[in-house]
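Below are structures written as structure tokens.
Same chain, two partners: chain A is paired with chain B first, then with chain C.
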Partner chain A sequence: MTTTPTVSLPAPIFAKVTPRPFLLRGLANPPSPDLPPARTNGRGPRETRPISVNASSLSHAHGSALVRVGDTTVLCGVRGELLPVESIPQFRPLDKNAALTEKEGGGGNNDVIGRGELKDYDLLVPNIELATGSAPQFLPGVPPTALAQTLSTRVYSLLHSTGLVEAGDLRVWYKPGGGHKTGEDVDMGEGEGGGEGEGEEDRVVAYWVLYIDLQFASFDGNPFDVAWAAVVAALRDTRLPVARWDPDRETVVCSRTESRKLNVRGLPVACSAAVFVKKESSEKGARTKQGDYWLLLDPDRLEETLCREVITMVVDSSDGETRIKSIEKHGGTIIGRELIRGYAGVAAKRSIEVKKAVEAMES
Partner chain B sequence: MDRRRINGPSGATIPPVFDDAGSQDLASVKSRSRPPNATRKMYLRTGVTPSASGSAYLEIATSAKPGVSGLKLNCSVHGPRSLPRSAPFSPHIVLSTHVKYAPFSTQQRRGYLRDPSERDLAIHLEAALRGAIIADRWPKSGVDIIISIVEGDQDRETSKSQGDEVWDMMNALSGCITVAAAALADAGIDCVDTVAGGVAALVQDAGDDSTPSIVVDPIPSEHGKILAACCVAYLPTRDEVTNLWFRGDLPASDMDLYTSLVENGIRASKNANCVLIDCLTETVG
Partner chain C sequence: MTATTAPEAALGVLPRADGSAKYSHAGYTVTASVSGPIEAQRRDEHAYEAHVDVVVRPAAGVGGTRERHLESILQSTLAQIILIKNFPRSLIQIVLQVEDSPENDYVNTKLVQASLNFAIMPALIQTAVLALLSAGVPMRATLTATAVAMAHRDGAKKTIVDPTPRDIETAQSVHVFAFTSRDELLLAESEGDFTVEEWDDVCETAKKVCCHSAPAKEGMAMVLDDEDVGGPDMRQFLRSTMKSKVDADLHWK
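After this line comes the complex of A and B, so read on.
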């Protein structure tokens, strides 16, 4: 062969055959010098996909949200079920004074009490289902994949560490003294004058358990950010029926007409980025120079398969000031101290975008 | 216990029990808001899951009263793709159908493991589609058809549902057939015709001794008692029924009743087919 034939492949085939050069091409040398570097999906390295949030689309769940980021779509449904205290093996009756101080809004100590209940009695149950045909690699009929398990666990631990849900909202009280409405601890500590022994004290009779089920309708990368946004939006949308203890039937009964909104503390937003390296690292220990890697914000499915190092930062900028709630990073050595510091600003910008989308759906 | 999922507290949780004392009379809402031969409004769209070969979303409108949810289905088709090497030779395309209720789709929370009713739905769906697909065009290949029922066809307010699940399954199946046909067309899998599902039922609205009547697309909560129902998967241009599922209790002597039930099912299926054709021509054109 003397002449090399020129072959032109359409973009999708090129992407499938040699994904790495395909992505590298647009980032390293853009087609014309005055164009900024771009990814295969047309975005700049630090450009995210727009987010849209829809709430209350499900009628059987107590709260629900549909979140769409590009081609990744997640549906989240929150459903409350009651856990009577008799079926909690290691139930400790709530210390009344502790509950009182918590109600009055004391210091950080009360936080710990509330969170202890959530964690000890396992009141938050998030589960993520990917095997809904959302992408060709996830097919039903098999146990949950490693990715689905990791995602569920990450959502679970973030739910507890951010303290998004208050334990006080999930308690169901029995108040023989006065109040009929027991869901709310409005009249805590009063109407207790004629206490006729131990049995007549105000007490917690049950807890709401929140089943948070997430279903991917469509999967195109960045599952954690989207799933987390769906969890937060769905919890903000959740209304639990007002529950009270019926001493005659010895069960908890709920009101059909009255319901109470869940207090959700803050609006933490997850922001992920993947590091795309020019060369597939063959030699260990070789430092990657500046300019040989790109931080790709909100990676899609193709990019995720090519990147090993991923950073996820959870920030909350709901009350003006940006606070970092968690940082997770794994898979490489490129992201260092400076990058993480700079990344906080990127995450804060994203969190404002997400906050706007969530608040737009609520108004 | 499944250790690969987050299971929650070890004690059993109970779904909320509602206090019915103060609520309005539930029996009074039992009336059909449509004529007996009218199906509910339907919304169908293809291409909702871009990563799949084909996909479709179907929503059946809620009836007029609040608190009643319609059916919401999401279907994605993956394939045709080559069968794994370990699979035996197949001269036809191998269909595998999965139907799964989402945990939040029904009154009671559904588990993640497939239950028998979901398997039943998948089997009926497979039978309905097998008659429509030109299977020998893809030897040695397989296609996965996955349906998630995002919201089931159930009345939320009815506290005592009297074994309605069977009839709900009929409605779910007819929706599954229609949405799967749309997704198959979206995936570009050759079919002899577009198959669509339809349901007809024999209902007794007033008391036990009233004369039963036949209605199309029944909602269990709108009728006093459903005696029998049948779900038909029908190919209109070929005038062929690919799957017929009948449940209920009819006297064997009265074959006319049975045939008119099937005919009404076919009529409902034709209605669904119009929506399907409109949706597909819209995507193409």
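After this line comes the complex of A and C, so read on.
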């Protein structure tokens, strides 16, 4: 009795040898007609991985967060450093109106000025490190890869365009006319400070520079979404010590006990998807039909290597209405206007998930 | 420099490159050279398709993270229109040198800026496409691109085509779109604060600028040209630039 030998490959080998058919198989013809199309990681095309957020994991940073989405893990640490205004080239003191509006709780005009400060003096410094070993493609001892550089540009750009951090929180004031708070560090009596400060105006003496460092502990696709969630969670967790100018020592002193939370505006959430097409586009430019492509939400590493077209939408639905903060779509023509419009709903749904995870961690 | 100046282009400006183009519009001047298909380095070699390599050099200083990001966007965009499957194991290299960019008088100009520069993207894309055409690299379609800013002025929403740096700074949102010659949306980058409806409006404006004269009604386009689209007709521009170059090259016949 002989049976015809059947060649069967274990899944990892199948994935390695022919990744495209491997992914296509589950999507195009599910094993049984009752089953919905599934990706190789067991998710449906529009299914994301659950997100988990853990804040304050680092003891020496002013704020930190560990965000995990599936097998992509990012650790973000925020550390503030004081930048005295004397060390800023081309420093322009704030005009009085701006200072005034800040006291009153901020206004539209102040917003624009504040953004200028953040950008001109580089008060937000994100850096992304894709650790060796987090994925096989990252080799040791090489300069930052194009991916790392691209990611940090995107984070930097989005930090500024969303106005996540207010410049007012980063200013350190000298207020000769009072408003001194006695912290533990103060060894002089409060009365002495007033002597030379008489008649002086309130002025900004230093800024906090926030170094936002991101480390990928493990990398399994969708780096930007996870990195951005980590940045937002870490900034929300950040507490900067209360700092003030000591006119006698002519230096900025920080309080040991008092600290202040950063005001983080909104909760923008990034949501990425990749387009997997059945067949690579032909020369003739035949349009890919409906059903010949899949929008894979939250793609993993294997899927990212097989998809050319990607979309990332950043939405903020923290105050009811969904506002789009950024759209990045390139690498293909399948996602058109209709799809982008529809994608806003998908992104809004994801943003609620992420918001829940971030807020659960904080409570 | 006003933003409404008509685009200008010259093809074949570099004698030793396979193809080159110089393009200036909205204050930006970019020169591009295209070499290819040439032999790829071992690590870039792909068994089934050509590797598209894009290098962006800023007007001053050396490229930083921002240029890397622009390169990655351009690379994925241009790889879509070049018939890369026709040239396995080879390399198509596109070098874009920014020569001139508009000054912003309102802020301290820093040499190295890390944030995204939306206004330069259309100029880079357009120059790259012209240089590819000049090099005779087989392409699936051509591309036209534009930048649109959306601003709140005097309580009303206003869309600005080809915004100046000052416009971008004060704008509510900034968008870049690129359409293929089949009117497909190939690239859409937006930043700021907007809703889906606003995005759709801006997309419509951009589409008018990029895809104004459909190939089928070329004769009609001349007549309808006075329709107010708030920007230059990019596709017509691409066509007339190529036409004048071809006419000049075939003059001896």
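FYI, the second predicted complex is superposed on the first by the 331 of 363 C-alpha atoms of A that agree within 3 Å, B and C clash if a C-alpha of one lies under 4 Å from a C-alpha of the other, contacts with A are read in each partner's own complex, and residues count from 1 in each chain.
The working rule: a contact is a pair of C-beta atoms (placed from the backbone, for glycine too) under 8 Å apart; a residue touches a chain by one contact, two chains touch by 3 or more.
Values in this document were obtained by computation on a predicted structure and should not be read as measured data.
**Student:** Just chain B (first), just chain C (second), both, or neither: which does A:Gln149 touch?
**Tutor:** The answer is both, since A:Gln149 touches chain B and chain C.
**Student:** Just chain B (first), just chain C (second), both, or neither: which does A:Pro33 touch?
**Tutor:** It touches nothing on chain B or chain C.
**Student:** Going by the contact rule stated at the top, is it chain B or chain C that touches a larger number of residues on chain A?
**Tutor:** B
**Student:** I'd like to know which partner A:Arg337 touches here: chain B for first, chain C for second, both or neither.
**Tutor:** Only chain C is touched by A:Arg337; chain B is not.
**Student:** Let me test your reading of the model: by the given contact rule, A:Val253 touches which partner, first (chain B), second (chain C), both or neither?
**Tutor:** First partner only.
**Student:** Have a look at where A:Pro10 lands relative to chain B and chain C in the superposition and call it first, second, both or neither.
**Tutor:** In the superposition, A:Pro10 touches no partner, neither chain B nor chain C.
**Student:** Have a look at where A:His160 lands relative to chain B and chain C in the superposition and call it first, second, both or neither.
**Tutor:** The answer is second: A:His160 touches chain C but not chain B.
**Student:** Does chain B (first) or chain C (second) touch A:Glu81, or do both, or does neither?
**Tutor:** first
**Student:** Pick one for A:Gly42: touches chain B only (first), chain C only (second), both, or neither.
**Tutor:** neither
**Student:** On the A-aligned overlay, A:Ala217 touches which partner chain: chain B = first, chain C = second, or both, or neither?
**Tutor:** In the superposed model, A:Ala217 contacts chain B only, not chain C.
**Student:** Overlap of the chain B and chain C footprints on chain A, residue-wise?
**Tutor:** The overlap between the chain B and chain C interfaces on chain A comprises residues 149, 152-153, 156.
**Student:** Can you tell me which positions in chain C touch chain A when the two form their complex?
**Tutor:** Interface residues on the chain C side: 64-66, 68-69, 71-73, 76-77, 79-80, 83, 85-86, 107-108, 110, 114-116, 140-141, 169-170, 175, 180, 182, 184-196, 199-200, 203.
**Student:** Where on chain B does chain A make contact in their complex?
**Tutor:** Touch list, chain B to chain A: 2, 4-20, 22-23, 48-52, 55, 67-69, 74-78, 81, 96, 98, 100, 102-107, 109, 112, 114, 144, 146, 148, 150-152, 154, 156.
**Student:** Can you check the complex and tell me which residues of chain A touch chain B?
**Tutor:** It comes out as residues 58-61, 64, 71, 73, 75, 77-84, 86-89, 121-123, 125-127, 129, 132-136, 139-141, 143-144, 149, 152-153, 156, 209, 211, 213, 215, 217-220, 241, 243, 246, 251-257, 301.
**Student:** For the complex, which residues does chain A have touching chain C?
**Tutor:** 90, 112, 116, 119-120, 146, 149-150, 152-154, 156-158, 160-162, 280-281, 283, 285, 287, 308, 321-333, 335-337, 340-341, 344
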